[in-house]
Amino acid sequence: MARPTIYPTMADAVADVPDGITLIVPGFGVGTPLNLLTALHQRGTKEITVVQNGAAQASTDPSVRNVGNLIEDGRVKKLIASFTAATHPSRPSITEQMARAGTLEVELLPQGTVAERIRAGGAGIPAFYTPAGVGTLLSEGKEHRVFNGRTYVLEEGIVADYAFVHAWKADTAGNLIYRHGARNYNPIAAMAGRTTIVEVEEPIVPAGTFSPDEIHTPGVFVTRMV
Amino acid sequence: MARPTIYPTMADAVADVPDGITLIVPGFGVGTPLNLLTALHQRGTKEITVVQNGAAQASTDPSVRNVGNLIEDGRVKKLIASFTAATHPSRPSITEQMARAGTLEVELLPQGTVAERIRAGGAGIPAFYTPAGVGTLLSEGKEHRVFNGRTYVLEEGIVADYAFVHAWKADTAGNLIYRHGARNYNPIAAMAGRTTIVEVEEPIVPAGTFSPDEIHTPGVFVTRMV
Amino acid sequence: MAAVIGRRLRPGSVVNLGIGIPTLASGYTREEDDILFTSENGVIGYGRVATPEEGDPDVWNAGGQQVTLVPGASFVHHADSFALIRSGRLDVTVLGAYEAAADGSFANWRLSNSAFDNLGGIGGAMDLVASAKEIWLAMEHTTREGKPRLLDACTLPVTSPRGVTLVVTDIAVVAVRDGQFVLEEYAPGYTVEEVVSLTGAPLQVSPDVKEIAL
Amino acid sequence: MAAVIGRRLRPGSVVNLGIGIPTLASGYTREEDDILFTSENGVIGYGRVATPEEGDPDVWNAGGQQVTLVPGASFVHHADSFALIRSGRLDVTVLGAYEAAADGSFANWRLSNSAFDNLGGIGGAMDLVASAKEIWLAMEHTTREGKPRLLDACTLPVTSPRGVTLVVTDIAVVAVRDGQFVLEEYAPGYTVEEVVSLTGAPLQVSPDVKEIAL
């Protein structure tokens, strides 16, 4: 569909999200689609492969569930991230504990590689080369190649079954605008989801309200909005 | 320098542009930095490798010189483009005539490959794979590779010595805003130039005038403005 | 031809129209069908070809025509425009062509096999055909000399070695299925036999074949 | 340490400050020096750490601190933010570290060689060090137990196998040149000999060595 479908509630927007999906979750301090994550947690979807900058500490507010809660509750099969939020080795995060116990698979990547893999997926680029991580543990076992005298490592694009997105403003055509640092992973996540579901802070306005030049994500990338 | 230098005239902005450079020139009908090209033509810079969507027909207005004029006047050594503007085989463009005569090297690429090579260059990505052109003459001799059962071709990023850019609005920090379809190659060109020179339609305003959310190209990518 | 294409576009489709006849198709769809037209140069959501009064100097389709914008239109840069294309979000790409073949291949970018004769220009066609869900062609059924352009195999360098599903010509609407041309519609004033005789490859006739209704 | 870093940044530099001490350095530069601070999360052009009153809920640096925006600040998405980093536009990246070695390598992402002990978290550090023109470190000179953190070779998994040019510690400013540590400044209350004794690799002493002026 050219135009996204607008759902009345977060629960409705994720009501059919099945087990075993891959899911891109933006957010870097701000800009995290917490309402959609809370609804997904409530729905009980499991065996999820999550792509996120770093797994947050589980929320202690019972009305808010984040990726940390999904991990803690055993809903996540695999995490692709650049940070696992260990504050000190004596206090391992739940992510670390589960990774050690073998109940969670973790693929740790440089942050720019996480971002570029998502961007590549959304751009129909199956693979690219990056200098990040060359000469470190994180590039071990990966394919290396020299271009113009410099060594790079091959990384593949990520296309996810679902991308959750947090936007500031949206119109009925699905055009999105983000606010300040809440932009972070949201525009590239929106492009890399086969189904992209957006939670919008402000009430959705009629198509044509925004100037075409101020739109950050064109509605053609959006499947559902709440 | 963190902030771009503002030049009084187009001629000043290109006064030191030497022979033998690589140059990215945006534009797709609109959004072409014609004032900078005219100044570059006047300066006499030659042996240029031009990256552009398609070589335009030479301008017949003597006050405006475009890439077609640079080609016609023998200033271009090589053209990397997706279109050579031949309207009919009986009326070959100057680009075609010179290519046949061996006085101009032409690398013809799918349009999305031109765009993505520029974007990759500006993103520090040395190479990537794309499906465009596989199974055609344009991928002959290129490296092919299969990802997830589909065949792709390897293409390298383009970083140019200079990128010329046409912007609608700019502030003194070099932040740029483009208008409608004049955006086209400009944002990615701005990122892929070692030296990025911008011609601005409207008077340059003080930094802080624009909302941080409406800026298309951050000033950190801009070297010079007129 | 543009009307035939416009009528066949399914509601809710995301469509790219190539240079020439195809670009006119955006004027032949109904607003309620929610068809989104995008163009390689980064305009997402345009309407019909603009009159001189309506035209905005910075709003063009990839065919070099000034077009109107629909409510909710937006602009992206060229890399994001091709991100949209390569990531498979186009339901249909409609392109002009010199030749189409029953194997789903077609040719539209160079009029000679020798780069010495004709350098050619590909534009965005190879990106479009590599990733769109469907490839439709809008083309003349024959050359000016009357030679067929629908062939068993292309003689010119191909734009894509496969993938064409529909060919709309000046005299017929031909589906491409399982390596065969199938006649679905023919133009008023033509007969099925005439269309078959002007086609350079076997042409199956659909049991539902009918005259094109304009 | 933050003041030392702020003072050493050259006018017109584009700088990324890592989590911890480095992020404070943006409060120690002069406006007229036109130093641009960018952060991995996509903020380009921030100032000092914000007071609770100044803070905007959507404006943070990558270290999780609310910061002020300078006039002309802008925001980009994560892929464009790392495009800026990887394309070599950063003059300096300043990072925290557990260990630094005279060969220019350093370690800051995992406290053990075994992933079983400590999974670690790399964030943007490997992207930063792969492409910034200079890598500076801000770190403790020794562990809490007094063991040196400046070594001949790193014992922990490295973040980069090369490239560090400056190490600012709580007691010294040490340049890394030609595979050697060179002492340039030492903290008030310390002597050159003490700094040498607390360093786990040969430490050359610059002929211009001086006490850190705060």
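By letter and in written order, the chains are A, B, C and D; residue numbering begins at 1 in each of them.
What we mean here is this: contacts are C-beta pairs under 8 Å (C-beta built on N, C-alpha and C of every residue); 3 or more make two chains touch, one makes a residue touch a chain.
Here the structure is a predicted model, which means the values were calculated and not measured.
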{"item": "Given chain A and chain C, the chains that contact each of them", "value": "B"}
{"item": "Whole-Å gap separating chain B and chain D, where each centre is the average of the chain's CA atoms", "value": "36"}
{"item": "Gap in Å, rounded to a whole number, between the CA centres of chain D and chain A", "value": "28"}
{"item": "Averaged-CA centre spacing for the pair chain D and chain C, given as whole angstrom", "value": "56"}
{"item": "Numbers and ranges of chain C residues touching at least 2 other chains", "value": "75-76, 79, 82, 85-86, 131"}
{"item": "Contacts with 2+ other chains: residues of chain B", "value": "116, 123-125, 130-131, 178-180, 183, 212-213, 216"}
{"item": "Chains touching one another, given as label pairs in label order", "value": "A-B, A-C, A-D, B-C, B-D"}
{"item": "Contact footprint of chain A on chain B as seen in their complex", "value": "116, 120, 123-131, 145, 147-148, 150, 152, 156, 177-180, 183, 212-214, 216"}
{"item": "In the complex with chain B, residue positions of chain C that touch it", "value": "40-43, 56-60, 62, 64, 75-79, 81-82, 85-86, 110-112, 115-127, 130-131, 157-162"}
{"item": "Chain B-facing residues of chain D, complex", "value": "12-14, 34-36, 38, 44-45, 69-76, 79-80, 82-89, 131"}
{"item": "List of chain A residues in touch with chain C within their complex", "value": "1-3, 121-125, 159, 171-175, 191-192, 206-208, 210, 212-213, 215, 218-221"}
{"item": "Chain A - residues contacting chain D, complex", "value": "28-31, 53-54, 82-86, 89, 92, 95-96, 99-100, 106, 108-116, 118-119, 130-138, 178-188, 216"}
